[in-house]
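Before I ask anything, let me first share the structure, which is written out below as structure tokens.
Order as written gives the chain letters A, B and C; numbering starts at 1 within each chain.
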Amino acid sequence: MPNYNKITPAVAEQLRAAVGVGRFFYGDEIDPNYAHDEMPIYGKFMPEAAVDVESTEEVSAIMKICSQNKIPVTCRGAGTGLVGGCVPIQGGLVLCTRRMDKILEYDMDNLTVRLQPGVLLKDLAADALTHGLMYPPDPGEKTATVGGNISTNAGGMRAVKYGVTRDYVLALTVVLADGRIVELGKSVCKTSSGYSLLHLMVGSEGTLGIITEMIMKLIPNPVCDVSCLVPFRDVESCIHFVPKIKMANLDPQSIEFMDADIVTSSAAFTGNPIFPETVSNTEVGASVLVTFVGSDAEELDQKMIKLGEIAEAAGALDVLVVATTANKKAAWSARSSFLTAIEADTRLIDEMDVVVPVDKIPAFLIYIRALGEENGIRIRNFGHAGDGNLHIYCCSNELEEDDFKRRVKIIMDAAYTKCAELEGQVSGEHSIGHAKMIYLRESVGEDVFALMGEIKKVFDPDFILNPGKVCDM
Amino acid sequence: MQKSDYKNMWVYIEHDGVTAAPVGLELCCELRKLCDRTGDKLFAVIINPLPEAEEKKIIDCGIDGIIAVRGTGYDFLNTDAYANAFTVLSRKYNPSAIFVGGTIFGRDFAPRFAVQLDTGCTSDAMELDWDPETGDIQFIEPAVGGKIMAVITVPELRPQVGTIRPGTFKYAPPGPRPVVERLEEEINFDPAAIRVRPLNFIPDDADPEMDIANADCVVCVGNGLKDSEHLERYRTLARLLGGKIGCTRPLYDRGILPYKLQIGQSGVMVKTKLYFSFGVSGAVNHTAGVDADVFVAVDKNPDAQIFNYCDYGIVGDMDEVCDELIAQLRAREKD
Amino acid sequence: MLNILVCVKQIPDVDLVKMDPETGNLVRTGVPTLTNPLDLNALEAAVQVKERFGGKITLITMGPPMAEETLRECLAVGGDEAVLITGRPFGGADTLSTSYTIVKASESFGCFDLIFAGKETLDGATGQMASQLAERFDASQISCCFSIEDISDGKVRATRSLETGKEVVEATLPCLITVEKDNFYGRLPNLRAYLDAKTADIAVCTETNIPGLDLEKIGVPGSGTIVPKIYPPELPEPGQIIRTGSVKTDVTRLVELLAEKDAI
């Protein structure tokens, strides 16, 4: 463990001078929310100071001061993470990029956009649309920053068709631990030019450098889209249906899984029961929401007809169509509300977002449900069934916190072991933070974990960038 | 039809036999001003008797006369007998205009007698004006979600019928006229012909949080709210200020808050000392429902129309400003 | 078997309608359309009635030819038959002439026991169409219906919302009903119905094929009201905008100002 220095009043004054008026906060001035992200169960840690940066130059100046004084720096966007990634567990400075929220320019010939890291995902998506373009990655949390999405390599609902955030990052401006500014990547589609530090930076959770500007790839917005909700009597038959959609070569944009529990919570929460809880007098156990995009309605109809055939063969209760703007909006807001709906009616909550090969989803879900039952923890889940990424929430309203943590630990330990057995990964898109480090280590093995540590040292010899995260244990 | 054959304006006084609904009084006060310009007489139409003290309140609103209707069929509010009464009365007296409070009942029966009389009907005017050249009333109301104001007239037919939402006009009685006419009418409607009968009434649970019309302070949350998860801080702020939370129509449509908390022309009209709006764009339909001594607006869009209605405005993230306000108000409490 | 009519309307997305600052006209070209949301709640109520008591649902709308989209959307979730009233002479109608036209056109498609309509539309928002339709159908009316308890012996028993509570009422058929959305959220169509609706026959009524139609009572000539003028709302002068550089200091200033005014 390196020895960090505290932010003395003298250093604080240097930091204050490095940014504009009213953007440096010290001691009591700091927003208490900076002590946690959306998963407070992993502990709250207050920074000694916080700064709202507005430019690459400011970030550089700040990093120079902090590296000279050996002060830990934790970069934070909108604070919507789920693994404690932006939480300053060693104190020090929180560097918040939320004010760097400008979309700088579109290149309509190369279909790229240059922007600052604090732009919110929903704002980028909406703004790109006004240019007839789509930003394909579509993580559930729309109020996350795009910078945060890059730092965690967020995936989202459309990954099954378009891939993940990494696939859309072309170039980054990065401030290194000592304040140097480097440009990684170029605005081109191919590269075969040495180690890709660009891709090393993606998903590095602020442990290798601070992203201050990026060029992202966009695609033309698909002309039309439609979704089908396919309800099943039980979770097993629903999950077994998913690989069949892929096998049928229907190329869906997303395949989202939801169980009955989550649908009920979300209906209560949004006030709009768009996803039915019963279909022809049969209770729905679980449903998948399948979205198709295409160039005309005829093409989409054909895909839906095919989907209808395989759904019937798989024992689906029905196939419902989400085609009108109003229904799409309602379905989208219901789907987006799942996590918040769980949070709203749950006192204690912990999560995992493992990813397993698609054909292993049923095995994993059946296993984890049994685990939950054994340990008296309610398991709720939804997720991107199409890519095997499952968001699993351990919930309780009754247990004492310590007891809850103890039981969840048993479940998590067993679940990650099972996940490894099934050739899965620790995290699909929420990343490691400080919450999942031991599971990462177990999953990748000592050799690989040590290599990660060596890389960290090259970029950040004093370990001041987001200490205690990813591979820093 | 000669428009000049139609004279005088009427206001229907909805009542329960004990008290008159405020909207009737509000309309009388407003129409007194209009009648002074047009030269029409203003009559209050009262179906079934009302206690003298209540009648006096109506007279204080400056009416020129009362048309008191008695007969069968009025034991409970019903569109059949009441629409019929107005059709019969209107054919007899040829009023130029008939105004009805935009309560649920008023909005049910006024459009029906307008059809019976084959005349034009308007709803929800926020302002009334008069064109001396045509002799037509101008019903001015927001349209297309409050983006525009539309002037609506009934250019050829009479009477001109309008339903007006409660709270649109102020109750400010100018005092009685020296002479108040009284016309007694008996209009009988066969009770057996009434097609909708009440069987049972279940009053809503009295929830003080739902009664925002006269709260001292209202914290109104608009469509800028990201989702329900972010709502709690506004409840906290309202509690700190001893006030209540309200919302704009989109939040009701989004299912986040109940209709009873929707502030604006088609919801609750609020009269309050201190009004906070967070993430409210400021459409006329909403602002028309706010009567505040001090109006504070917070929105991230510096060009938002809401800043035209406020006393003090802050441009910024609504959640951040709310959190900061809570923090500072709490600190103030401690001092 | 109940004969049910559901009146629906295709409306422009009012959030996207703009006023041309030069001409003062509303710009509706290119603005996406949708089915009036409250009409979908009314349709859902009708479909629930059909499921419980048996019946046939006829949909009716008046509008430009593209209003057919709304009918197909409604056919997909439970309509059995659809009627589109369209034609230039119907344009510019207010509620007086629209209610006349709808009732006149519907007469060719049966005698209806129940008529469902949206409480109001998001674009016109007069909220008086339903009452005027009820009058012209010579029907009883239950507005703001919260739940439908029973339909039997030529009567409907239902609960409606009033300002201060809920009232259980009994009304004779024919009856026109508008609903609260609480118990009548629209359902998603199933795939078969959705595809069938795309090719379903839609009856088209024009000014030439509605029996007994009085042309003086439709469109602009039949309207009681006109809109001689629209204008942007006049805005009061902006209030004092507090700009001190940070949220924290802005709020501090605000609290000072409110304290000065004794507002807190």
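Structural remarks
Everything that follows uses one rule, which is that contacts are C-beta pairs under 8 Å (C-beta built on N, C-alpha and C of every residue); 3 or more make two chains touch, one makes a residue touch a chain.
Bear in mind the structure is a predicted one, so any value in this text is a computation, not a measurement.
Relative to the centroid of all protein Cα atoms, the closest per-chain Cα centroid is that of C. Ranking every chain by how far its Cα centroid lies from the centroid of chain C, the top place goes to A.
Computed centre separation for the pair chain A/chain B is 48 angstrom, with centres defined by C-alpha atoms.
With each centre defined as the average position of its C-alpha atoms, the distance from chain A to chain C rounds to 41 Å. Between chain B and chain C the centroid-to-centroid distance comes to 21 Å (mean Cα coordinates, whole Å).
Residue positions of chain B in touch with at least two other chains are not found.
Counting only residues that touch two or more partner chains, chain A has 272. Among all residues of chain C, those that touch two or more other chains are 37, 248. Across the complex, chain C is touched by residues 79-80, 83, 103-104, 107-112, 114-116, 118-124, 142-157, 163, 195-204, 241, 253, 266, 273-274, 284, 293-297, 302, 305, 307-317, 320-321, 324-325, 328-329, 332 of chain B.
Within the complex, the chain A residues that touch chain C are 21-23, 29, 228-229, 272-274, 276, 301, 304-305, 307-308, 318-327.
Remark: chain B residues 226-229, 254-256, 323 touch chain A in the complex.
Against chain B, the residues of chain C that register as touching in their complex are 14-15, 17-19, 26, 37, 94-96, 99, 122-128, 131-132, 134-136, 139-144, 157, 161-172, 175, 223-243, 247-248, 250-252, 254-255, 257-258, 261, 263-264.
Residue ranges of chain A in contact with chain B, taken from their complex: 31, 33, 143, 269-272, 333, 336-337, 340, 343-344.
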